[in-house]
Every structure is written in structure tokens, then in C-alpha cells.
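One chain, subunit A, appears in both complexes that follow, with subunit B as partner in the first and subunit C in the second.
Moving on, here comes the complex of A and B:
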């Protein structure tokens, strides 16, 4: 099946004007399948460790911000854009709205999807979700419980997981 | 449909992301293609942009204002038959008319009643062209209907014009032309020294004359030359080293006699340098072998010399030994004789009736008495009777 014009245009634009802190690259053999990387928003527990001097220098040297980097996979079904894209976290993350399998609880990915939304807007929503966890609409019940009982400890755990799992691959 | 140039963001449907087709506007003032909105509405009856409920499309949407439609009609598009050779660019409102009525390249059903293929409109009058002919330029079999396209676009032996400089050349020579086309983009000659500029080949000279890296250029060139020279010298040095080592190894062959042999055996060794390491090691091994040979021959020589010397030394000793032995025999004879003499004398004294004088017999007297007639029978007899106390 030929790739719809819309997907071609979206991909082109993602490449030519990437959203800061977000990258989405389609697979060569399947242009509907994207490898996504989202940087944890600054000020959130998913930002990653504040880099010490040495790391900062290394990060500057490699031109990569030293941050929590979360990998996701994104798949555009044949009915896109009439149905939302399928998105899943590949990196382990301690977040009340993301379950163990990486599935995301986000209204725009479910009922509130609109064909006027795009890949870039969805990824921005996910980045925003990292900055504002919503334990009242949980997907991972245990995490949401921890979050409600002792937010500071939950944030500490989230930070710990971020520095453990969301490390950028050294190139 | 390919639009010429960029389309204004405001004329793009938020759903299909291309210029609106048959635009409709909702009561919440959002514009979509009619088709897209119908599709989206079937899945979720809200406005795709702001999620305002759209209960019934017919009552809550209306065609977009004329000004929008006009702007859309004015967008220029390329004729969809461009791949077949129509280069027309025309307003979107006119393109449909052009394709369906006028474009020569539009495919229409083949006029032949039994042929179910399609053919470009301009060839309809020629009858069915769906048979194979050979291209007159490259000899490949091509369908008559596609011959022209083949010759224009694919045939390698057909002349074509360079897209950049209008130079005419045979298509198979494309690569050669690219190498010299004055319009092809090339990098600055000083690129190895850091200049990132790119320009057409025509402008290269001009750029190079004013390139900031021009100052570095000659120095860099010299540097490159020096570097090349250095590598060459290094290589030479390595070969010399090998040769020296080889000669050093040969220097050990001191004995003149063996040297001749080694020269005879290993004439090839004279021809250094060696191309490969293996060869070098092989030659080394050969040298070693010849050295061992020389050593073993020297060893035999030394052995022979030593045995000769030993023999020479032992000969006089042997002679002396025989001499000594004979002297010893003579001495023993003398002693026995003397002993015999004494015995006889003693016997005579005893026989002579108690010779009390028993004076020590002097040699002189004994010799006198030896002349006596009754001297014993033989020497050995007395020996048997009185073994000498030696």
C-alpha cells in the first residue's frame, strides 16, 4: 500500500524541523514504524542527573544534552490519521500513567484522538505528561499509589529509574 | 497532485495535510476537505480541531467562503502526466479539464477492439501500437507504444542535454560529463585545509582566487609533498636497514675456504632488497643454514687436527716407553746375573769347608771367579731355585 501523502509530509517535517528534545526516525524498511526518543522535560524527575563538570564537558563535546532519554516506538496503522498512532515506551519508566509494558494512558491517544493531531503533537503531549504525572488517572496502580502516599519518595524513585535506565547510548 | 511551490499553511487541510479540496467550514470556523471531515465525523462526531460537538454535518457545516475556494483554485499544480512527459504547470481549477480533454499524454483505452491496454491520447490515431520493435539507437526490444518514452528517458545511446549546462552528450556518457560539467557543484580546492565552500565548477577558479584558505594552500601542498617524501624515505630506510642486517649476518663467514662455498650456494642473496617479509626471513634462514654448514665443516677440521696432534704427541712417548722397557730388561738381566754370581759364590764358600773368612766378595774377584769352569749351568736354573727378591 502506498504511503499516504500525509505521512510523507509529516516525516519530512519531523526531519527538517525537529521538535526540540524529541526525535522520531522512521525505519527504512517500514516507513510507518518510528524510533522515537524523548528527553525528560527539565524540572521533572525524568530530567536525569544534573551533569557534573566532567560529564557536562563530555556532553558538550558530543553535542548531546546529558539528560534522561526515553526510547519509544510509534506505529502508524493503515487507518491513520483516522485512528491514533500506537505508541509505547521502550525504556523502563516509573510513572503513574505508564505501565510495566510501556503502554501510555493519555486521553489523546484514546478517546480524544483527532485526525487533526499529528505525530509531533502527540509526542509533545507525551513529553508534557512526563512533566506532569497524573496519579488520579493511573495506568500503573502501584506507582500511582506510591505517588499519592509519599510523593517525595515516588519522585526519588522516578529519578533513580531515570538515571538507571534512561541513559543516552554512548556513540 | 503535485503543487508547484509551497502552499500556504492556511490552505492546508488539518487532516490530510495537503491543500484543501472542496473545502467546508464548521460552525466553530474550522476548514477541512469535505471528504476528510466526513471520514473523521464517522468515527467521532466532534470537530477534529477543537472537539466541539458536530452532531449533524449537514446542519453544522457549510461550504467554505468563496475567497478560500478562489485561492485554492489559483494554486498551480503540475500535470499528473508529468512522468509521461507533460511538463505543463497550470492552475488547479484548470488541470482537470487539461488532463481529461487536452493532455496528449493522458492514457486512453487502445482503439483496437481486441486490445485491453491503454495508450497515450496522441497515438490513438495510429492504431494499436502494442507490439515490440527494436530501438534504433540501442537495439533493445521495446513496445512501439513506449518507444518514444524509452528514447527520451532511458535509451543509453540517445543524445541528451545536461540539466545544468545544456551540453549535449550521449546518455551513457553521463558520468563522464558530470566530471567536467561546469555547473556541477564541487568543493573548494582547499577543502582538505578546511574550506567548506561549495560552488559550481565554473566558479571554482574565481572562488579559489579569493578563498581564505588560499594562504594555507601552498603551505599545505608543501606539507603534503613533504609528507609523501618522508614516507618514501622511511620506506627506503627500512630497506637499507634490512640490507645492513643481511650483510652483517654474512660478515661472520670468516674462513676463506667456506666463503667460496657460501658464495656459490647463495648467489641470490646478493640481490637485496627483499619485497616481502617472508622473503626476508627466508633469506635469513638460508644464511643461518649456510652458517651452520660452515661451522660443522670447521668442526670436522678441528677434530682432525686435534687427533693428528694427539698422535704426534703420543708417538715419542711410545718410543720412549719401548726404550725404557728394553733398558729395564737389560737391567733385570744384570741383576739376575749378579744374583746368580752371589749364589754361586756362597755355594763355593759353603763347599770350601766353613770358609770363615766370608769376606764380602768384590766385583773384581767375582769377575775373576766367573771365568771359573764350574760356573752354573744356566741362569734360569738358579732363578728357579732362588727367586730374586726384587
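Moving on, here comes the complex of A and C:
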């Protein structure tokens, strides 16, 4: 069975008209399995900032700003698009709606999925979730508790994890 | 050819099945470290089958899923001492060539498949009467 047209189309569009701050590239040996990168939205604790030793260099290359880069993996099962894509973070992240294994609590990945949605819309929703953590519907109960007790401290921890783990690989 | 589920999503499925207790009561398993994003090391238990020397004993096992899982089987090791033809006497490692589901590994097999087959092996007529070390003793 060849790859369904819908998946071929979606993949082509992801490559030809990429969403700013998001990339999704299928594995050569499994076209239903994607390596995903999402940049933390600016103004969020996931935006990231260069470690001190890189700050000067970053200032010299203003056209390539440093960003928190989060890696995820995405898989389209046989039932896609009748069921949502499977997706999880590979980069450690301190966020009330993401658990220790990188699993994500997001309505469009569960009950609010519709076949009219696409890989692109799901990735945008996840990027938006980074900009708007929702501690009232938590997946990581301990993180949500921190978030509600002391938001400033939680945001500081999220920033710290971002600069520690969400570091782009040097090429 | 249908979709080929990648390692990590396959392990997440197995984890969810284990967490919800959807599997058989006689065997259980879970992640050794609940924050291990690589999901490599797992713990399993087998409840000794009835009408055998293993009855009412609980056997702990360690399972390791490498990068090639599920194309390659995991490695399995008993924590509690057990005498079985398919288990190394010195350290409790399961000998893949002597357990059919490991010797003829298929991608569809899961960790639960292995635990169930080990338990069935314990209940078989060739094994169920083998004298065993005292209950609860472990390999070092």
C-alpha cells in the first residue's frame, strides 16, 4: 500500500511552505514518522537565551537569533486522519501540560481532533501551548502545582530548563 | 504494507497498557525510571503459575529495550533466583535461543508476550516440578 495522498500532500506543503519557527521532516525509511523542531515563542519562558559564552557571538550575528529549540517526534498511524497524529517531546521541558516522558495534554490531540485538522495545525497548537501554559488542566501534576503556587518561580525554572536542554545542535 | 510504528511510540503504547492494567493479572510491567525519556529499562513481574513449584511466588525481572527494539527483542533477566532451562544459573539472564518467542522474534511481540510465555514455560510439565531456591532470594 502506497502512502495515502493526504499524507503526501501534507508533507509536500510542510516542506514547500514551512510554518515560521516549525519544521517537520519525515524519516527516509518511514514516511509516516517525522522529526519535528519547534522554536519557543518569543515572550514565553521557552524563548531561550544564549548562555553567557555565546551572547557576544549571537550579538554579532543578529540575523540568526538564538532560540529555544524543542525536538519532538510525530507518527501517523494507519487510521490517520480519522485519529490524531501521535506526538511527544524528545527535549526535556518544564511545562504543566507535558509529562516527564514528553507526552502532551492538548484537546486537539484527544477529543477535539477532527480530520479537517492537519500536522501543520497540530504543531501550531503545540507552539501556542508553549506560549500559554494551562496549569488548570495539567498532565504533570507537580509542575502544575509549582505553577499555581508561585508562577514567577515556575517561569524561572522553565527558562532554566530551556537554556539547559533546548539548545540547538551546533552544525 | 501498513504503517510501521516507531520504537518510542510502540513503547508508549506498551506503557499505557501496563499502566492501565489492561494486560493479564499474572504478569505486570512498567518503566524502571518514570522520567527516562529513552524508555530503555523496564521492570516486570510474573506471578508463579498454580499447581507448580512456583505457585504464589512473585518473580521480578529486568528488561532492557535497546535502540533497535522492537526489530530486535529486549534482553531479560530474572531478579529473583529461579532454575529453568532457559535461564542462566549464574545471573538469571534469559537465554534467547531457548525461549521460542525470543528465538523466533517477531516485531509484533511485546514485553508482555515474553512474560506470558515465560510463565507458561514455568507451568509446563518439564519445569513445574524443578526444585527451586528459597523464595525471595536474588542474584547479586
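Going forward, the second predicted complex is superposed on the first by the 155 of 171 C-alpha atoms of A that agree within 3 Å, B and C clash if a C-alpha of one lies under 4 Å from a C-alpha of the other, contacts with A are read in each partner's own complex, and residues count from 1 in each chain.
In the analysis below, a residue touches a chain if its C-beta (ideal position, glycine included) is under 8 Å from a C-beta of that chain, and two chains touch if they have at least 3 such contacts.
Since the model is a prediction, treat every value here as computed from it, not as a measurement.
In the three-chain model built by superposing on subunit A, subunit B and subunit C fit together without any clash. Residue contacts after overlaying the shared chain place A:148 against neither subunit B nor subunit C.
Taking Cα centres throughout, subunit A sits at the apex of an angle toward subunit B and subunit C that amounts to 80 degrees, reported as a multiple of 10. Using the contact criterion defined above for the overlaid structures, shared-chain residue A:112 touches subunit B, although it does not reach subunit C. Once the two complexes are overlaid on the shared chain, A:100 sits against subunit C while remaining clear of subunit B. Within the superposed three-chain model, A:9 lies in touch with subunit B and out of touch with subunit C [touch as defined at top].
Of the two partner chains, subunit C is the only one touched by A:32; subunit B is not.
In the superposed model, A:83 makes contact with subunit B only, not with subunit C.
Set against each other, subunit B and subunit C differ in how many residues of subunit A they touch, and the higher count belongs to C. Across the superposed structures, the minimum distance from subunit B to subunit C, using CA atoms, reads 18 Å. Listed in rising order, the residues of subunit A touching subunit B in the complex are 4-6, 9-10, 81-83, 112-116, 118.
Interface residues of subunit B facing subunit A in the complex, by the touch rule stated above, are 14-18, 36, 39-40, 43-44, 46, 48-49, 51.
Every residue of subunit C that touches subunit A in the complex is listed here, in rising order: 1-6, 8-9, 12, 15, 34-37, 39. Considering their complex, residues 1, 27, 30, 32-33, 73, 75-78, 86, 88, 90, 92, 100-103 of subunit A touch subunit C.
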